[in-house]
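So, here's a batch of structures to check.
Two complexes follow with chain A in common, the first pairing it with chain B and the second with chain C.
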Partner chain A sequence: MKFTCFQKKLSDSIIIAQKAITPRTTLPILEGILMTTYKGVLKLVGTDLNLGIECFLEANIIEEGAVVVPSRIFGDIIRKMPNSMIEVEVDSNYRISIKTENSHFTIQGVKPDEYPELKYVEERDPIEIQQNLLKEMIQNTIFAVATDETRPILTGALFEVKEDNINIVCLDGYRLALKRGMVANNKNISVIIPGKTLSEVSRIIDNSDDKISITVDEKHVLFDMGYIRIVSRLLVGEFLNYTQIIPQEHKTRIRADIGTLYDAIERASLLAREGKNNLIKLTLKEDRLIINSNSEVGAAHEEVPITLEGNEMTIAFNSRYFMDILKAVGDEEVCIDFTTNVSPCVFRPEDGDNFTYLLLPVRTSV
Partner chain B sequence: MTELVVIHVDMDAFYASVEQRDRPQYRNKPVVVGGDPKGRGVVSAASYEARKFGIHSAMPCSQAARLCPNIVFLPVNMEKYKKVSRQIHSIFREYTPIIEPVSIDEAFLEISDGNPIETAKNIKKDILLRTGLTSSVGVSYNKFIAKMASDMRKPDGFTVITPEKARDILPRMSIRKVWGVGEKTERDLNNIGIFTVKDLLEYDREFLLSNWGRRAHELIQLCRGIDYSPVQTEQETKSISEETTLESDTDDLGVLRNCLREFSLAIGRRMTKQALKCRTITLKIRYNDFKYITRSVTLPNPIDSSLLIYERSSEILKDRVPLLKPIRLIGLQVSNLVYPGEPVQISFI
Partner chain C sequence: MSRILILDDNTINQIAAGEVVERPASIIKELVENSIDALCTSITIEIEDGGLRYIRVTDNGIGMSHGDALKSLERHATSKIVSSNDLNNIVTLGFRGEALASIAAVTKMEIITREKDSISGSQIINHGGDLVSNKEIGCPEGTTIIVRDLFFNVPARLKFVKSFRAETAHISRLVEKLILGNPKISFRYINNGRIVYYSPGDGQLKNSIFSVYGRDIIDHILPVHPIGDSRSISLSGFLGKPAIARKNRIGQSFFVNHRFIKSGLIEASIESAYKTYLTANLFPWVILNINIAPNKIDVNIHPAKTEIRFKDEKAVSEFIRQQIGSVLAGTPYIPALGKDSFKPHIGKNDKDQCDDMEEGYQVEAFSSISSEESITDDVTGQSADPKKEVGKAESPSKIFLEEEPTKAYIASPIEDPENGINRAKETEFELRDSYQKENATSHYKVIGRIFTTYIIVERDSECFLIDQHAAHERILFEKYKNMFSNQAIITQRLLPPIIVEVTHGEQLILNESMNLFQSLGFEIDSFGGRTYAIRGTPVVLGVSNPKAFFHGLLDDVDSFTQGSNYELMIEDIIRMSCKKAVKAGDILTNAEVYALLDALMEDRIPLTCPHGRPIMISLTKTELEKMFKRIQ
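For the complex of A and B:
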């Protein structure tokens, strides 16, 4: 096997294929990238068996073949090479030689036969969505995905398509993030995609309005960008019926400048204790939102102007969770609804319904 | 701080003394409390009679048996020693609220008023009266010197070190006796010609500081008899754990689960006693090749039930611990503790 290609192209592709590789794998061959040649094209594959990423790039194929390269070291070598033509040659013992004008490296590769075959999902009846929209939808929901494995289903995100609406919903029990987008489709899909897959997808796709095609079968999802294909297993099981969790009524509604509120909470959280729920106390009183926090270090008091409709109240939150949501809301016009200090607080857009965030408070007294 | 306000109480050969107290036939005889001499247990405590044979704690029991063939081996009865330890602590509390437990048989006390020497004498007397055990007590103006004092006459010692006396004793002391000087540091210091506290104090200070930095500074302070560390009352428990070295290495899931069941019960009891709940459960495994792994799970809601702790930990064992090699040690720890009355993040699942 022998080919030449541009350093930058190869390096970029390796970085993408590496996103599917977990450093601590039980199967040593999965620490590698499968490299296969086609006519004028080189294919790189990385997988952890749940998630697989294929990258195609142009290369000048001199002799066909396949090899599994050790991902980290091969990636590091290629990344540090100057941006010029690189020649890669693999002998019959899978020794890989990497050459540029002034450098020559040899490293040992592995026979490709044992590399697990990636599940082939054919693009069929796909949903087409703009990459920048999908990226934004993932980035503004993925923070709420569960990180612990107690309820494995919640480590995934619900991906729903209902006619022209596309929803991504993540929830970890303490908060819920729902983001809604519009696509021109006429489909009904509801699947649960592993959080890791979605966050890698959001890192790989562009900020452009180019379309990405998404195909779902019973057990897998395929994200196809042409030169990159991402295949992932779906999570099997029932997602929580999230619509039931979102309260429709409220007793208190506030509006505030999100940037000002975020900064104030961030400052107050400097004195909140990490191990103790990052506790901050919010007091809604007349036209003020008062934030208090304290720890062994000292105490903080912040005031933010608000408009308040309904009851005054005091409620406590994990500041980190609150900030996650404010960050996702960004500079949109939002109203924050409360019922009691032990029930969920809901962030809704002033107009429309393109997102809903819900956060449960921290109970402070026994 | 130049007043004599710190007391260090160190129980003499604690486990062994408790056993000798409860079994008169072993009094004045070499006794070792520890693991099975035929297996691979180690000495937890050796009576003073046993120490004459060169037996000390952490020595393999088999070696102790070789050094003194007539020695009596007794199994460790931790519950009993804990009970005695609690009894001793309650004596401390009658004299001062500022108690820093160092281990089950050792503690620092701070006496802010009255006569510390008299108080120390009374504590020592009360311990003997109520538990029948002797202790070695040191009184001085800081923790380091107080510990040095209790160490000077053992067993059944009582030593007061005033600042003047410290200036007299310290220089002659072996550097190894200084806090934080272990085998390795001792070797390093010996290599540059430092054997006693005096040697260190007379050494080129700049050289020590540039080679050991902050540690050298701390060492020099201690050598000058200066120790500002406060007597710290018991800190919030951060975790509760149980572990055991198995009698023989095993990959038997049943045996391992039995351990987890026992640990869960013990941990659950301790949590109930303090009304604690936990959110993180960690399984610790040491394989027969001494490779060590930990696997943990953090729960959305705090729990305090032994049953749930057992279920979670055996899930970790089953799903996340490869049994390719036999296991030597298994341990269970709960952390991320929630205290009663502490704020709790509400969850909808």
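For the complex of A and C:
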């Protein structure tokens, strides 16, 4: 096997394929990237058996073949090369030689036969969505995906297509994040995609209007961008019926400017963090929201102008969770609905329903 | 044809002997317990060849009349209980009336006994249960029992007896326990004609410990003062400082109403109290007497009576843990440089019992240095009147060593005019507190640091090496722990609730202790059947892990107290927040060193790091002088 290729292109592709490779594995071959040549195309594959990423790039193929290269060292070598033509040649013993004008490396590769094949997902009837929309939807929900394995299903995000609506829902037991997008598709799908897959997808896709096509079968999902294909196992199980847990009614509704609210909470949380409990207390008044936090270092008092409909009340939250949501909401004006100080509060947009966030309060004994 | 026969007495006795007479040590145990029950004040135990050939137990107790002596060899003959009602209130060590008969069945036994008021005594010789001779003789008052040729008539059992040496070791270990358990009785233990142990029997446990373990260990133990209690249970004894902890439980002796017993319950309670003071796989050295009303225990479990059942295990366990915990918390520890760590080849290992002890470390009764006295003072004060300083520092330890560990310890500081002045105003403090404060006023001086890790501090005639990382880590740990315990309980609500299924047993516990769960910040509802919904979970320093917390608490809700799993789980979280501690190799300025020492010297900071490693090591002037052979 022998090919030449531009350093930049090869390096970029390696970095993408590496995203599927876990740093810790007991199966040594998974530490490698499978490199295969086709007519005028080089394919790189990385996988951890749950997630697989294939990258295609143009290359000048001189002799066809396949090899598994050690991912980290090969990636590092290519990355440090000057941006010029690189020649890669593999002999029959899978020794890989990497040459540029002034450098020459030889490293040992592995026979490609044992490299696991990625699951083939037949692209029938895919969903098409703009990459920038998908990216935004993932980024604004993924923070709420559960990180502990107490309830494995919650380590995934619900990916739901209902006719022209696409919903991504994440839920970790303390908060729920729901983001809606509109895409002309007219399909009905509901699958649970592992959080890790989605966050890698959001990192790989561009901020452009280009479409990405998504195909699901019973057990797998395929994200296809043409030159990059991401295949992932789905989580099997029943996601929570999230519509049931979002309260439809409220006793108190406030409207506030996100930027002001975020800054105030961030300042108050400086002290909350010192006390190691991230606890902030919100007092909702007629025209203002009072934020209090204290620790042995001192006490913070912040006031934010709001408009309030309904009852005045006091409620406490984990400031970190609260800020995560405000960050995801962005600069939009937001309505926050409260019922009691032990029931969830709901963040909704002023108009429309392109997001819903739900946050559980904390209760203190004093 | 009738197949079922009633066994003759001899056979019955031999079968019973199987339970009672396992090995020579069991014979000695039974005989000595008889002697103790006979209200003696001195006991001599003599053995030859691991007790297989010859055992003699002589006491100066009340003795037996001729008739009683004969009856004593019959099975279920006892003077200790009269009716089955007495089983609930056993105050003697024996009561089954089996021992002598069982022993007699498998040995050649000779009983020589005289009651105090009798003119003459009796001698009874019995071989394997058959009376050989029975006559009147002159003898001192009390009882002597000589047992020869164990298992001479049961060769099958003889095969299972170990070597002379192993049996001797068993007996020695038993005698140690007997000595420790009976400080009021003077023991003399003779092996193959040589006196091994002698205890004075003056009622002072400390002297008994001295007899068994030798001088060194006396410096390394803390008294447990008996504290009366409404549950009619009290503890006394001595706790070993962490430096003399062992790799096994051989240094642990427990007595319930002066009966030596083995008890997993007590072991576990003690070890959990020691938990943060010891590294893994080390077991504390402990001698503990538990005095408990006889009707609260059942000793009639096994013929050997080393097992015991407490009526209220939970209460006993908690009581022990608390008492020991408070003794330990009141006394910080500093391991000293082991002599052996400097001179590994000099100490010769005689085959003496106290050998292992000498391998231990010198621990000086230590103290905190309070912030009352400023550092600038010491630089001048150090040389001003060293003698006075030394005397001052030592006087409490003298009290500690010499006085009767119970009341005298409390009384003497007040009687002592020299110390009385300082102490008078501190009477509201616990005594141990004032003991620390006394030492606390001593001066210290930072000599410097070595290997950018260890701070060397000189105080009086002692020098301490302090691990800066371990010390700082402990300080932070205490700080965060305090912070957590002062914080309001915070409950993070969950949605959806976590559904857990519990076993029936757990369900009973859960229902019973729902209040405890709630008070710690859980919100739990019944979810039908054996499932429960956790709707809220406690947050510990920002960390919450509902399922683990729940199960951790459920597992040991029975014994929920300091040192439980739940507590440990929380401590783990706290420990993780200690990452800010300065590391070995970090360069500290002088001001930082003093700040660290001041924080460290505050009261009640345990002198081990949260992972159980020591924070400081002490080296006394005397030890140095010994190393340099200035003194022997």
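List of remarks:
Quick note on the criterion: the second predicted complex is superposed on the first by the 360 of 366 C-alpha atoms of A that agree within 3 Å, B and C clash if a C-alpha of one lies under 4 Å from a C-alpha of the other, contacts with A are read in each partner's own complex, and residues count from 1 in each chain.
Operating definition for what follows: contacts are C-beta pairs under 8 Å (C-beta built on N, C-alpha and C of every residue); 3 or more make two chains touch, one makes a residue touch a chain.
In this text, all values refer to a predicted model and were calculated from it rather than measured experimentally.
After superposition on chain A, the partners chain B and chain C are seen to clash. In the superposition on chain A, A:E296 makes contact with chain C only, not with chain B.
In the superposed model, A:K219 lies in contact with neither chain B nor chain C. When the shared chain is aligned, no partner comes close enough to touch A:R203: not chain B, not chain C.
Of 26-34, 44-52 or 422-430, the segment of chain C running into chain B after the two structures are fitted on chain A is 422-430. Shared interface residues of chain A, touching chain B in one complex and chain C in the other, are 148, 150-151, 173-174, 240, 245, 275-277, 279, 318, 342, 344, 360-366. Residue ranges on chain C touching chain A, taken from their complex, read 480, 483-484, 487-496, 498, 521, 523, 536, 539, 541-542, 545-547, 577. Only residues 297-301, 322, 336, 340-349 of chain B touch chain A when the two sit together in their complex. Of all the residues in chain A, the ones that touch chain B in their complex are 26, 146, 148-151, 154, 172-174, 240, 245, 275-277, 279, 316, 318, 342, 344, 360-366.
Chain A meets chain C in the complex at residues 148, 150-151, 171, 173-174, 176, 240, 245, 275-279, 296, 318, 342-344, 358, 360-366.
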